[in-house]
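Two complexes, one shared chain (subunit A), two partners (subunit B, subunit C).
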Partner chain A sequence: MHVHFLDPYRSGNSLVHRLDPRIKFILTLGFILVASLTPVGAWPVYILLFSIILSVEVLSELGVRYVLKRSMLAFLFVLAALPVIFTTADRIILTFSLGTWTFTITQAGLERFISIFLKSWISIQAAIVLASSTPFPELMMAMRAIRIPRLLVAIFGLMWRYLFVLADEALRLMRARLARSGHSDQVGLKPGGSVWWRAGVTGRMAGSLFLRAFERSDRIYMAMISRGYDREVRAAPLPKLRGVDSLIIVGGLLLLVFLLLFAILFWA
Partner chain B sequence: MHHSIEINDLSFTYPDGHPALHNVSLIITPCEKVALVGPNGAGKSTLILHLNGILVGQGNLRVAGLPVIKENLGKVRARVGMVFQSPEDQLFSPTVFDDVAFGPIYQGLPQEEVEDRVKEALAVVNMDEYVHRISHHLSMGEKKRIAIATVLSMKPEVLVLDEPTADLDPRARRSLINLLKDLPLTMLVSTHDMLMVRELFPRMVIMDEGCIVADGLTESLMEDEGLLTAHGLEKPN
Partner chain C sequence: MFLSPFLSPQPMHIPDGFLSISVSIVFWLFSIITIGYSLKRVNRDLGERQVPLMGVLAAAIFAGQMLNFVVAGGTSGHFMGAALATILLGPWATILVMTTVVGVQALIFQDGGLLALGANIFNMGLVGVAVSYFVFTTIHRFSGGKRWGIFVGGFAAAWLSIEIAALAAALELVLSGTSPANIAVPAMAGIHALIGIGEGLITVGALALIYAARPDLVKVQKEPQAGGAALWVGGLIIALILAIASPLASAHPDGLEWVAEQKGFLDSAQGPLYEIIPDYVLPGISNEALATILAGMIGIFIIFCFALAVAYSRKNRQNTNV
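And now, the complex of A and B:
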């Protein structure tokens, strides 16, 4: 029994799935870059960006609901932006007190916060579509194609490969603990032990997991060396990009640049 | 008097749709020692994980007289001593004492009783001296013995072992077999070690592709070379 839920890839045969991974990777990066550079309060551009990513979601046949559900992850990032509501100087909309603290919400602060929220939400959807429609090895190929250092790509690859091994190991540890978490037949005993004891056990399990990961990395390294690894990451040459694929990349990037210029001209 | 293990028409399919058990029925009486053999992927481990409710399939299951249902899981887990194949998974605490004491502490037993249980369990596996050792530093044979002690300290009624002799050198294997021979518990042992099966287990259950394909006296099943070969097994010499 293995852990699979970590792998975001969902197989399919949609147009988006069949696209060359390099197109998807480059356009996704460009899309996220444009979304983050779009000025605060450029609402029509946000709507345009949202409709672009929504159409890609529909084309990818992943299901819009699936993507939107996963995109809730954006809320975590948005929490970090919460202070801008109160710290940007502008016309005051609302003032309220919590105990000895007084909070002031300004119009510019609120606009900036909503913009950050929309931008991260739209960007994360693009990342989700990319990760869900492209198998990881193809993503790595795309990373190599845009000249991300090979060593870094190799590290991503090893992380992805052994994340599952580690998760499996954690699962087996927890299962062994569960199997011994029994209730006695003696009456009047409270099962479970104290919270401190349980916390200690969990902490030590995490520690031993770390130790094992560390030892495993040593063994993996030895196995790599014994097959000729010499600290130089080599990879098979990349397949050639078809003419039509290059056209899609150029066209897509042009559209994104145009959107960005439009946003900067009218709202910056 | 109840049966130690009573499985009735148990089926299980993994969440990814892979069927693992198909209408399995099995009765094991108290103090019976039964070997569970079959090729890799036959469903042996899956079956074992049902015995204390870690996996839940369709069908009826009673262990040590208790139906394996959600409300009983705590009691069932105290009565089934499950030793996993890799002692690395079984031993998740830093010292031998912590690991052997886990079950009794979890049950809420008083401190003195926990210490008595640990001492007793380590004595049974002849590892009294190891109480303060660091699990990480033990040899494979020692780890296996400690792994067995970690469940003996719960005073289980049924002992379930997954591949107990895997990765052991001949001496460690011999001493483990002698240990299992002397333990007066109901035992269900999943293994590929046919020599041990012949020596230790009067009864043998053969599984293949999620079904029990044979269940009988080890002596007679071992003679049926056609049956053994058909299910990826070999008669020991």
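And now, the complex of A and C:
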């Protein structure tokens, strides 16, 4: 299997890479849960959570810059929370007007906005570390460990296996369109046809992608049958957790619970 | 340029941190129940024979989201695929396929959060699929299985499923106290009304090609799906609730913000979780709101009668055919 540009996994041999995937998975979920439960304005807790995830990033040897760059993805959505600054009723910090509109920034609104921003930034970093340090088969093992139904995990697995094939297929379709429909990146030169025509072309590309997927899945099914598939999805039993691993998971969860209690006791 | 859908998160995928914990949990529960039921249905109706088809189609939807077209200037329309998959694969399998797509987007590509995944699966899986199914089967039946029914139904299913899913996402943000209703609802509704047109056009284009090349794939849907009636009603109810609740919420933001505060209360575990649900049906209702709801209920009644009439005439026609 060739390394695909879509796959975020980065191989390595760090402590984080070697950790049992089930533990990574559960601790990541716990971490995101705690970040989400942390009350608005509990700044020291946010700083602690941030330093935890930052040290995990350093331990994972993925490169802090890499993780931070990927985490920029979350920033666009922050726009959805922006109006909260102006609409929460509280002590007014600043009033300014733009044209005919007057905006008032309130303290509670600002605190709420910054908290939402920090929560989502911290959470996305945890998710990035998990995805970048754990190969997909190990993630599937973690999914089975938390009792996600076998059929669903099997669909996940097959999707992952053919994702790269179909992504390449989609890229080929787009290259073919690029070559034939007079598109130019040059400023001022219009792309070919009307918007409706372009939408129709894209639709037929999607249709042919779906048709190819249907036909491919027929072939895959035949290949599976000829190799002894009996309509039953099986998987190797999960390996046992080592003693160190249970220690890490208990320690990690305790730390998270402690942080959460700290946050709720002092800031809720 | 090819990567743009991956590098720019789609507005419908809610990241972590934007939903309050009770909203996350409630929508996780909805999603888990739906996924469990779909698994059961798929196991019973199709067997695990469909596993490769669902896996590969999930990959196709994911890859299909790379396909985009230039609308104007730097903006481009692209494709989500819930409606097309519902038409081709049937609703229950599509719920699993969309769950897989949204799950991989969150888990691997951080497009949408992990804790918020329940809500995202609810919006794009359950709501998208149920609304598509409801709209497509209704129009398809109404057309008497003619060709135009497939295309009109496909466009309407694609557009409405995007729009209603966006409304669901907006209301989840409002309920979490993350975004004020009078801004989030019109903004999401407005953006997705346009995105939905792109989705509709792509879906029609795809259906045209598939209808020409493999008409058998589109015809599968003519056979009634087991459990389809329940989903049809579900799609109708979801569409109506959201279509009624959203203007209400944006006209009375105070009401919903009050609920959000109450829920902030609940977040610190001071009240039983189940109290949330009766809470947000009623707050801040004035006469105007009551009128809207009444209008909505009359609407439900009319649509229901209409649908029953269509179903009845169809049944009669089948009887005379036999």
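Just so it is clear, the second predicted complex is superposed on the first by the 206 of 268 C-alpha atoms of A that agree within 3 Å, B and C clash if a C-alpha of one lies under 4 Å from a C-alpha of the other, contacts with A are read in each partner's own complex, and residues count from 1 in each chain.
In the analysis below, a contact is a pair of C-beta atoms (placed from the backbone, for glycine too) under 8 Å apart; a residue touches a chain by one contact, two chains touch by 3 or more.
All values derive from a computational prediction rather than experimental measurement.
A.B. asks: Looking at the overlay, does A:R172 come into contact with subunit B only (first), subunit C only (second), both, or neither?
C.D. replies: Touch status of A:R172: first partner only.
A.B. asks: Examine A:R180 and indicate which partner it touches, taking first as subunit B and second as subunit C; both and neither are also allowed.
C.D. replies: first
A.B. asks: Should A:Y221 be classified as contacting the first partner (subunit B), the second (subunit C), both, or neither?
C.D. replies: A:Y221: touches subunit C, not subunit B.
A.B. asks: Determine, under the contact definition given at the top, whether A:A213 touches first (subunit B), second (subunit C), both, or neither.
C.D. replies: second
A.B. asks: With the two structures laid over each other on chain A, which partner does A:P239 touch: subunit B (first), subunit C (second), both, or neither?
C.D. replies: neither
A.B. asks: So in the superposed three-chain picture, is A:M205 touching just subunit B, just subunit C, both, or none of them (first/second/both/neither)?
C.D. replies: A:M205 contacts both subunit B and subunit C.
A.B. asks: More subunit A residues touched by subunit B or by subunit C?
C.D. replies: Partner touching more subunit A residues in the overlay: C.
A.B. asks: Using the superposition described at the top, list the residues of subunit A that contact subunit B and also contact subunit C.
C.D. replies: In subunit A, positions 169, 173, 183, 185, 191, 201, 204-205, 207-208, 211-212 sit in both the subunit B and subunit C interfaces.
A.B. asks: Which bits of subunit A are touching subunit C when the two form their complex?
C.D. replies: Listed in rising order, the residues are 5-8, 28-29, 32-33, 35-37, 39, 70-71, 73-74, 76-77, 80-81, 83-84, 87, 112, 116-124, 127-128, 130-131, 136, 139, 149, 151-152, 154-163, 165-167, 169-171, 173-174, 183, 185, 191, 195-196, 198-214, 216-217, 220-221, 224, 231-233, 264, 268.
A.B. asks: Where on subunit C does subunit A make contact in their complex?
C.D. replies: Its residues touching subunit A are 1-3, 6-9, 11, 13-21, 24, 35-36, 39, 42-43, 47-49, 51-60, 62-64, 66-72, 77-79, 81, 84, 88, 96-97, 99-101, 103-104, 106-111, 113-115, 173, 177-180, 183-184, 198, 201-210, 213-214, 217, 253, 267-268.
A.B. asks: Would you mind writing out the residues of subunit B in touch with subunit A in their complex?
C.D. replies: 14, 16, 46, 49, 52, 54, 74-80, 82, 84, 86, 88-90, 92-94, 98, 102-103, 105-109, 136, 150-151, 154
A.B. asks: Touching residues of subunit A toward subunit B in the complex: what are they?
C.D. replies: 1, 4, 169, 172-173, 175-186, 189-193, 197, 201, 204-205, 207-208, 211-212
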